[in-house]
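Here the chain labels run A, B, C, D and E in written order, and each chain numbers its own residues starting at 1.
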Amino acid sequence: MGKTTEMKDHHEPTDPTDAGPADSGRRAFMGVAAGITAAVVAPGVVLHSVTAAPRSEAVTSDVRWGLLIDTAKCVDGCSACVDACDRENGLNLQNKPASASQEHWDDQKAVWIRKVQLQDNQTGRVTNLPLMCQHCEHPPCVDVCPTGASFKRADGIVMVDRHTCIGCRYCMMACPYKARSFIHKAVEDQLTRVPRGKGCVESCNLCVHRRDFGEDSTACVDACREAGHEAIVFGDLKDPESSIRKHLAEMASRQIREDLSLNTGVRYSGI
Amino acid sequence: AQVVLAADAKTYVLEGSKAAALESCVEPTDVMRRKHMELIKHQRDETVHGGIRSSKHSLAGCVECHIRSDADHVPQPIHRKDEFCGACHAFTAVNLNCFDCHASVPKGPGAEQASHAAFQAVGADRSVQARPDGEDH
Amino acid sequence: MSFLTTVYAYLYYFAALVLLAGVTFKVVQYARTPAPLKIPTTPAPTTKAGVVLRMTREVVLFESLFRGNKWTWIFGWIFHFGLFLVTLRHLRYFMEPVWLPIELVQPFGIYGGMAMVVGLAGLWARRFFVDRVRYISSPSDHLILALLIAIGCTGLLMTFVFHTDVVAVKSFFIGLYSFDPPPLPGDPLLLLHLFLVAALMIIFPYSKLLHAPGLFFSPSRNQVDNPREQRHIAPWAKRLEQE
Amino acid sequence: MKRIIYREWRIPPARYWGLLGILASVVVIGALAFAYMEHEGHWVTGMSNSVVWGTPHVFAVFLIISASGALNIASIGTVFRKPLYKPLGRLSGLLSAALLMGGLLVLVLDLGRPERLVVAMTTYNFRSIFAWNIFLYSGFMAIVIAYLWSMADRHGEPYNRPIGILATFWRLALTTGTGAIFGFLVARQAYDAAILAPMFVVMSFAYGLAIFMLVMMFTFTEEGRPIGERILCRLKNLLGIFILGVFYFTLVYHLTKLYGAKNHDLVGWLLLDGGIYTFMFWVGWVLVGGLMPLGIIYHPVLSKDRTWIAAACGLVIVGGLASMYVIIIGSQAYPMQMFPGHTVLASGFFDGVQGEASRYSPTIPEVLLGLGGVAIALLITSVGVRVLQFLPESLADDVLPVDEEKIVEQGPAGAKA
Amino acid sequence: MAKATFEVPELSQYLDVPPVTPQTMAHSKPFVAKPEFQAPLGFPGELMDDWQEKALDKMGELLGKYRSLRVYLDSCVKCGSCTDKCHYYLGTKDPKNMPVGRQDLMRKVYRRYFTLAGKLFPKLVGAEDFTKDVLDDWYSYFHQCSQCRRCSVFCPYGIDTAEISMAAREIMDSIGVGQKYCNEIIGKVYTIGNNLGLPGPALRDTLEGLEEDVFDETGVAVRYPIDQVGADILLVTPSADFFAEPHVDGLIGYGKVFHEAGVTWTLSSHASEAANFGMFIGSYDNMRRVAQRIREAAIELKVKRIVFGECGHAWRVAYSFLNTLAGPWDFLDPRYPVPQHICEFTYNLIQEGKLTFDKGENDDKVLTYHDSCNVARASRMGDTPGGQFEIPRAIIRATCNHFYDMDEDTIRDRTFCCGGGGGLLTDDLMELRVKGAKPRVEALNNVMLEKGVTHMAAICAICKSQFTKVLPYYGMEMDQIVSLHQLVSNAIVLTPSLDGEDDEDDEEEAEEAA
């Protein structure tokens, strides 16, 4: 513990221009668009520009999306990222069945991102951090999924194809981060952009709809920034010019459960 | 044999939906009647695995265009037995589970984005809306 | 009404008439013919309820065939069970509103269709490969199998490859009830499927397909084993007694 | 060499239909439990995002590995050429297929989306042990049926041994695979152990044999067919050896866990202060499933009494369920160690705050579903023995083939019926 | 081994289904009945000129009278389940001996003249004109069916070829083509009272002889009464029981059982025959006429119960048809089923503990049991279905120490016919009988090799006669076949008639009655 690891990504394209022209072009455009919306709209109700170009070609492995979380900046008592994720993905629309106990429902309701508070057993130092799917490069959840419903998109996002998920929960057994939730109850209320329903497993998908409509951050990142903490950075791990790469270069970061060599796409500094 | 179109069979397009004010679906009606399930299933895989969101066969698009709003402009869940998808599937005894997960009314920000491509393909203005009473016809 | 629609409408009226009248005639004939002697194949049930159970086992499980020949049983049972599921699924074309149970089993009809074809293929194969069965097969036995396989295959092709307009098909058949059918879609596979089905309906009362009603009238299966307890005598035999 | 006569199970119809009726009602109740859980969603069960597999899986895994174990008798007969066991081969095959069906059914009915079973059977992820297990299971079913055919039909005679050998290997693969489902879960401390696979194999022998013996004794006594001392004594001793085997692996499992220093806390928790899991381990797994049956089996007097032998089998089964409960649920309840050297003070997802174990308590529908699976297995068995010739007419000492020692010189010819 | 002019099939360890070999038995035909045998039964003497028309009329009549025929001719789907079930096919390889092949002989005619498809497209559905050749085939192959009903067990619709061959024989009889053996025998029953043509005095002689023999052997005076008015029980038994081995040992056994039961009983010279060959020729009228004799005898002798001796098809007619043909039996004691089988009678006594056996008396034998087809598949004993299998076995187990069943697929309702039933027990059909016995003998041979079986018990006069004749062809001894009640007779411990008071009383009563 306490050992820091340099980010090791063997797949980084050496030349940033490797990324397809469409990709880089849109990214540039979206950077502007997102900046504008973020500036004018209240947190969490980010409106998406209709003019954003939806993706028309399949994602490629030229990019790998990831997050960097600076635990030093994550503050006690804040839950902006969690709330934002809930709103973004319609998780706030879940409601407890009348006859279920609150305690049991807390164990059963879907959680994509959670706040964890740690204390170092030796130093007594307390650390706060958000924990979500780590978007492993070698995801155990994908390895075990019998139908291939758990899959890793070419751009590094690990998600569940809920059309083929049979709800066996083997992926949940396999995930070392307890990142996944099973939908225990019929969903009556969902958002058009995030379909979700009973009997399948889900987890953070790095706001995949935002990816495909060309925005360049996630709901949690936006929220943290809006809350003034900027503890989370989102970006392309393969692009040496991206802010996440720059941050990674600047600070020591590590993966949770490094011993499993999963090469996670979500990195933490300060733990 | 001459192909008899199901032209004078009853239509399921409802007054009060955008579709009612439009000429044609994302594919010719004949094709839609026979093959819509394949089209959207294909689209589904493209979207989920490839992230492609710009094609006209999106389910969100179907909902957006075919959803019927009542007189108070409240959209009615499309899979209900008397609505567009629901009525037809009730007639053919097909149990859809799509709407276990998919929103059965356009909901939340970004709903329009998802149907954008479909409208573009048909060349329709997404603002069209047939009045529930069908008077604009 | 288009020509095709008209032709098919009349074809189906005719086929339905033949099927109904033919089967009714046969059933009435079976029911009217006396069974003068008690000839259940024993051990046989000694009560009515027992007979119902025995018949049910025969109809549902093909028990005797199971004892007789396992291969034929497997294929025969797969075929009939598949056919049963397909029939249930098909009911949706003929009723409005569709009953809930039909709606629920409807998706299984597709597997039923596959099972049916597999079963038929197995049954047909044995008509070629088992010398005893080859010996007893007449052309009509092959034809009926071919007919059913063709029906199954055209149906499956429609389900999986060349979809037809199910709504229109259903409207057509519902329309037949009120003698005002809307047009039938002109998909060739559908037309073939429907033509073959009409052929099946027409030959049903004249062919070995009568085994379906026949089973229920088979004295060796449907009689109660109680000759010592109850005197069983046919009307014509009774007349002998009075002479 | 005498031909062994097999005959359909022919107990009086009233008893038979009564038995079927009871089993069928348990099945129906299980089906209702399933319908309830499926309709409401899994929130009505005790399962949660922390304990994702619950009581149904305890039953399912138990049934599946017992299925593999139940085939052991047939293997011993054909593969290891012990003619004494040959007459039991058919029942062993039937029971094995039935238990597998029961287990798989429970597994399938607990899925979040059971209606997508077809998806599970048509789309595979070949990196998944689970997917391989689907092949292992369906393959096992096919092989057992072929095996039964080769035992029952004399045209199958020449294939009997090859199929038997294949079945034996397949069976080991199947239990290993089932064990590996857990063994490969590196995420969880309790599972991350290669020894789980062989441990499952030995457990399967014990549980499968116990179920087999109970079914055999029940069917035989019910119809008044004789079971000789010789065969019973053999089976009983075999059971004793398997129980000892389970003990051995339990010991090794915990020792290896202790060996890795980071697991001390896990072992300590399980053995000392795991609450219900500690109780299940000591009382269920060790005492009821191990010491007590061993006591009976090696007791000079009790071991002669058939009722006691049956009781020993029953205890092994109860103990087996308890061990599955500890292995499957206990291991999930124990929190995952994500931050070594840290204590979780708070979490939005209840992951081991202050090292606390996750909550789980079985609910009635889960248990009923599991029992439904057991009933299905027994139902298939009782229908099977009734309609086909699975049961040998007699297992009396004098009709059974001579012991294998004497058959050796005769070689394979001796095995020919 | 008996000499044969044909090839005796070889026995194998397992039942093998032979490849189809057409026409191997086309030559096999029983002697045709001469006019003098036809007339008493009400049939034309010889083939009529307009036979085809008459036959079709008759067929139409039967189709209207027998639902079985109508349904069976329509329903067969040619599934093939029955094809390997008939012992005659298994023994002769002739496909027309496959049950469905046999039915088709009639079905093709039925289709041609009675169904639309056959009238329009005969080739398609395998319909054929009723020509003389077809009639010859009928005569040949409908006399290669022992009406054992084994095919019916396995047919998904229960199609019973026996019904069809009975109908065929009736049609043939009605146009003057009768079978000598059956028709002659039925005639004998009408004139003399039994199949063998044993007149009353001869019977009395035999029975007296039996009484002496039994007394000599056991020292107990067991009675074998005939025509005793007022006896409790009328015993109707196949006439073979009166003299032929091993049948007569059975009759001795019945007497001993009655003796121990302490009931009075009698035979009748009027109904001195249990067999009813009317069934074999499918003639309701003749079957009824034969059956009526039993009614007449029962009334004449004022008995209270009727018990049948060991005979398969006789038991079928008795159990299944007697009530129909000669009932109602309301003048008999209602506490007992009418009729009862001697095995039911003996079994009940065993259950009540009234019989004592010394099983050791049968220790020289290792037994197996042959379920006679008509008992197994067309009748019942006792109250529960399947009693016809369990009761005889229970009797054997009660009287013998060594008993093994034959292969499960060849016993109980799957039993193989002896090969001589259905009116084929005649020397002109020897080849058929020997070949048809093959499956049964094979199973017997296997238990002989594997379990050391020495004897096979049977409860049918035809089976017993058939086996005594046929076993030698297969290198076995004719005395390996025994009557079931022969075993009872051997093992039963008789109560000396002069010892106990009660017994004496019984005896006296019996004597008085005589």
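The definition used in the following text is that a contact is a pair of C-beta atoms (placed from the backbone, for glycine too) under 8 Å apart; a residue touches a chain by one contact, two chains touch by 3 or more.
Everything quoted here is computed from the prediction, not taken from an experiment.
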_Counting C-beta pairs in contact, which chain pair has more, B-C or A-D?_
A-D
*Would you identify the chain whose Cα-based centre sits farthest away from the centre of chain A?*
E
*Could you grab the centroid distance between chain C and chain E? Build each centroid from C-alpha atoms only and quote it in angstrom.*
38
*So how far apart, in whole Å, are chain A and chain B when each is placed at the average of its C-alpha atoms?*
32
*How big is the gap, in whole Å, between where the Cα atoms of chain A centre and where those of chain E centre?*
86
*In chain C, residues with contacts to at least two other chains*: none
*asked:* Two or more other chains touching the same residue: where does that happen in chain E?
replied: none
*Give every residue of chain A touching chain B within the complex, in rising order.*
45-48, 50, 52-59, 90, 151, 153, 155, 159, 161-163, 186-187, 189-200, 208-209, 211-213
*Of all residues in chain B, those that touch chain C in their complex*: 1-10, 30, 33-35, 38, 88, 90-95
*Within the complex, which stretch of chain C touches chain E?*
26, 29-30, 33-39, 41-46, 50, 58, 62, 64-65, 67-69, 72, 76, 126, 130-133, 135-141, 143, 203, 206-208, 210-211, 214-215, 217-221, 225, 227-234, 236-237, 240
_Taking the touch rule as given, give the residues of chain D at its contact with chain E in the complex, in rising order._
2-3, 5-8, 154, 389, 393
*Contacting residues of chain C [partner chain B, same complex]*: 2, 4-5, 92, 96-98, 102-104, 106-107, 163-168, 170-171, 182-188, 191
